[in-house]
Amino acid sequence: MNIWDRLARLDRRWIYLLVALAVIFPLIVPTTFKIHITPEARQLYDAVEALPDSSVVMLTFDYYPSTLAETEPMSIAALHHLFRKDCRVVTVTTIPLGGPSIAERVTRAVAAEHGKVYGVDYVNLGFKYGYVAVLKGMGSSIEAIYPTDNSSVPLSELPMMRSIRNYGDISFIYIVSDNAIVDYWISIVNAEYATPIGIGVTAVSAPKYYAFISSGQVTGLLGGMKGAAEYERLVSKEAMAFKGMAMQSLVHLLIIALVIAGNIGFFAGRRAKKRTAA
Amino acid sequence: MRRVAPVIIAFLSGFVMVISFCFSPDKTVLGRIEPKLLSWVTIVGGFTLLLGVVSITRVNWQGVRRKKEGWGYKLLTLVSVYIMAIPAMLPSSWSPLFGDAEGSIYDWLFTYIDSPMMGTMFAMLAFYIASAAYRAFRARNPEATLLLTAAVLVMLWRIPMGEAFLRLFGENVPGFINTYLMGGVNAAVQRGIVIGAALGAASMSLRIMLGIERTYMGKG
Amino acid sequence: MSGIEILQIWVAAFFTLAIFSFLYKDNPLFKFGEHVFAGLSAGYYIGLVWKSIILQQLWYPILAGEWLLVFPAMLGLLMFARLIPKISWVSRVSLAFVMGNTAGVFLISQLNGMILPQMQATMLPLVSPDGFGATLMALIIVVGVISTLIYFYFSKEHTGALGVTAKVGIWFIMVAFGAHFGYTVMARVSLLIGRVYFLYHDWLGSFYQIL
């Protein structure tokens, strides 16, 4: 077995070890980098910044706990931005596994920092099954779909919700999601009710939504942890996403090196085999 | 009758949604029916979440009863289901440990056991993708080379170090990648895929409403 | 940090490391975590349905006088007939109601919200008055969308003009998929960063509290 075969057969656990070291090293030797803001992130920030103070914004927690590292920083930065502008926030989730718990925990924590009062400045509507019916139904009546909030308090007893009947009373929808629910927000809500939508999505989904940015159906896009870091930078609340960029950088460089090394090994091994055969 | 009645219900249920698009919710009877119908859908559909739970209970209980291989783990699964569910269903007025509010057993188990494990399962994919990058991503032909080149450019562009490196070749290079690669070529392909998928979804919806597509009904 | 907070972090760290142990090889610790995860996730659904549907959408409104809600409650219960083979056909009524409703919404939303706006955004002037950049972008978008759609049209053999366009489509698709792969790598790495961040800052940090 020549060296190229040995390299090709390298136990994958050595690669796992390299990845682990690449993630841990920047934690031991902390480094921060200058982050350039993409036009899409700037567009989302400007859209929210342009909202009149005290506007009603719907913030969605459409993500599973598995993608918290990418999406939770987006939600937190969004809440800081909205509460700083004194926007009234209605949170909703279409994710059954964990959505209501995450929305409750994150919103209350950030609201407490800004001295916001539940029922007056923000409301958590929670989860209802059947995202198509939920998205469509809120266009006519939010109360028909959510007779109570997540804590079973009737909407009529929440001061903020007395003046919010449907999407017509909502100025902006800020979606943070890790799945294709964004497509339905765009095709059902934005298309029919013309409510402007801004999105923060995981990096897996982000490439798809460039098509909707250029069609004008979406106002702004945050893609993955980098997008979250950009928004944290814009609202001056640098946190986990911003600090995570160092680790992200090192692992990306490692993976690029692995791709190059794998290809060098492949072509060199192929050439060696041809020489042996000749 | 067993197959005809559901087809008629599917048609009527869908037809109301299609024509209500054209009618104001405030001024017409049909428009006022629409939100009621949608709230009923959320209720009926919600019971499907429990179907999976009943199935998981049945399968695991059978495994425990017959002492199949790994029955201990099946028992663990069953115990976990009901340790989570029963306190959640009890009134929080009885104890702060009941219900689903912060501090309850339900919330604690989710936040400190379920959620970390879910995150970790997906975090392992980083290791697998690195291993795959080394073992499987080969520039065997021009198309694969193009794919890998685009991937490397995007991986560099999305990290601050990489962006700084790309700026060495020109201050506008990252901007070109964003505008022409992501907002141009990528957006065009994604748009083509979105249009194709939307056409497929629309035609499938029509087939379901007209009763041509009945696979959702199952056998019999 | 209180004793309870430290316990919470240690429990979360234990289960995190149990799942990570699979990277070395399959082992009883991983199996333990895996089965607890499956059970807790199913239990979460029960609690969610109990609160958000049975209590909030049925029990409280029916007690307040909305008797019509008995109908969707019955339709929901009919879903469980699916588990009994002899009467499983009964569940078709509930399924048809939900599927028909969803299909009706999809039919309009896909046409109105996806196909038409995306096609409209593709209809760009190929010689733009806004300069070379805009013209290049318009060409990329128009050629890219059309060649991608033609590549995925498999009802006719890709020969002649269709074949050439499909070949152009493949080149566009390879670049887009490469970009998608780059973003996917970023996504997966971010999730790992989240867990390692927790282990380093919260779990290892709790050691200082204990010591």
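Letters A, B and C name the chains as they come in the text, with residue numbers starting at 1 for each one.
Everything below uses one rule, namely that contacts are C-beta pairs under 8 Å (C-beta built on N, C-alpha and C of every residue); 3 or more make two chains touch, one makes a residue touch a chain.
No experiment lies behind these values; they were computed from the predicted model shown.
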Write out the two chains that share the greatest number of C-beta pairs in contact. B-C
Sort the other chains by how far their Cα centres are from that of subunit B and give me the top one. A
Where the CA atoms of subunit A average out and where those of subunit B average out, how many Å apart are those spots? 15
Please tell me the distance, in whole Å, between the geometric centres of subunit B and subunit C computed from their C-alpha atoms. 3
Just how far, in Å, is the C-alpha centre of subunit C from the one of subunit A? 12
What are the residue numbers in subunit B that touch two or more other chains? 17, 21, 38-39, 41-43, 45-46, 48-49, 100, 110-111, 114, 118-119, 121-123, 126-127, 129, 133, 148, 151-152, 155, 158, 182-183, 186-188, 190-191, 193-194, 198
So subunit A residues touching two or more other chains come to 16, 19-20, 66-69, 96-98, 100, 128-130, 133, 136, 187, 192, 203, 207, 211, 214-215, 224, 226, 248, 251-252, 255
In subunit C, the residues touching two or more other chains are 23, 41, 44-45, 48-49, 51-53, 57, 98, 101-102, 105-106, 110, 112, 114, 118, 121, 141, 176, 179-180, 183-186, 189, 191-192, 194-196
Contact footprint of subunit B on subunit A as seen in their complex: 8, 10, 12, 15-16, 18-20, 33-36, 38-40, 64-69, 96-98, 100-101, 104-105, 108, 128-130, 133-134, 136-137, 139-141, 144-145, 151, 187, 192, 203, 207-211, 213-215, 224, 226, 245, 248-249, 251-256, 258-259, 261-263, 266
Complex contact set, residues of subunit B against subunit A: 17, 21, 25, 31, 34-36, 38-39, 41-43, 45-46, 48-49, 100-102, 107, 110-111, 114-115, 118-119, 121-123, 126-127, 129-131, 133-139, 148, 151-152, 155-156, 158-164, 174, 178, 182-183, 186-188, 190-191, 193-194, 198
Subunit C-facing residues of subunit A, complex: 13, 16, 19-20, 23-24, 27, 66-70, 96-98, 100, 126-130, 132-133, 136, 147-148, 152, 183-184, 186-188, 190-192, 202-204, 206-207, 211, 214-217, 223-226, 240, 243-244, 247-248, 251-252, 255
Per the contact definition, I'd like the list of subunit C residues that touch subunit A in the complex. 23-24, 41, 44-45, 48-49, 51-53, 55-57, 60-61, 98, 101-102, 105-106, 109-110, 112-114, 117-118, 120-121, 141, 176, 179-180, 183-187, 189-197, 200
Can you tell me which positions in subunit C touch subunit B when the two form their complex? 8, 11-13, 15-16, 18-20, 22-23, 31-33, 35-53, 57-58, 69, 71-73, 75-77, 79-80, 82-83, 88-89, 92-108, 110-112, 114-115, 118-119, 121-122, 133, 136-137, 140-149, 152, 169-186, 188-189, 191-192, 194-196, 198
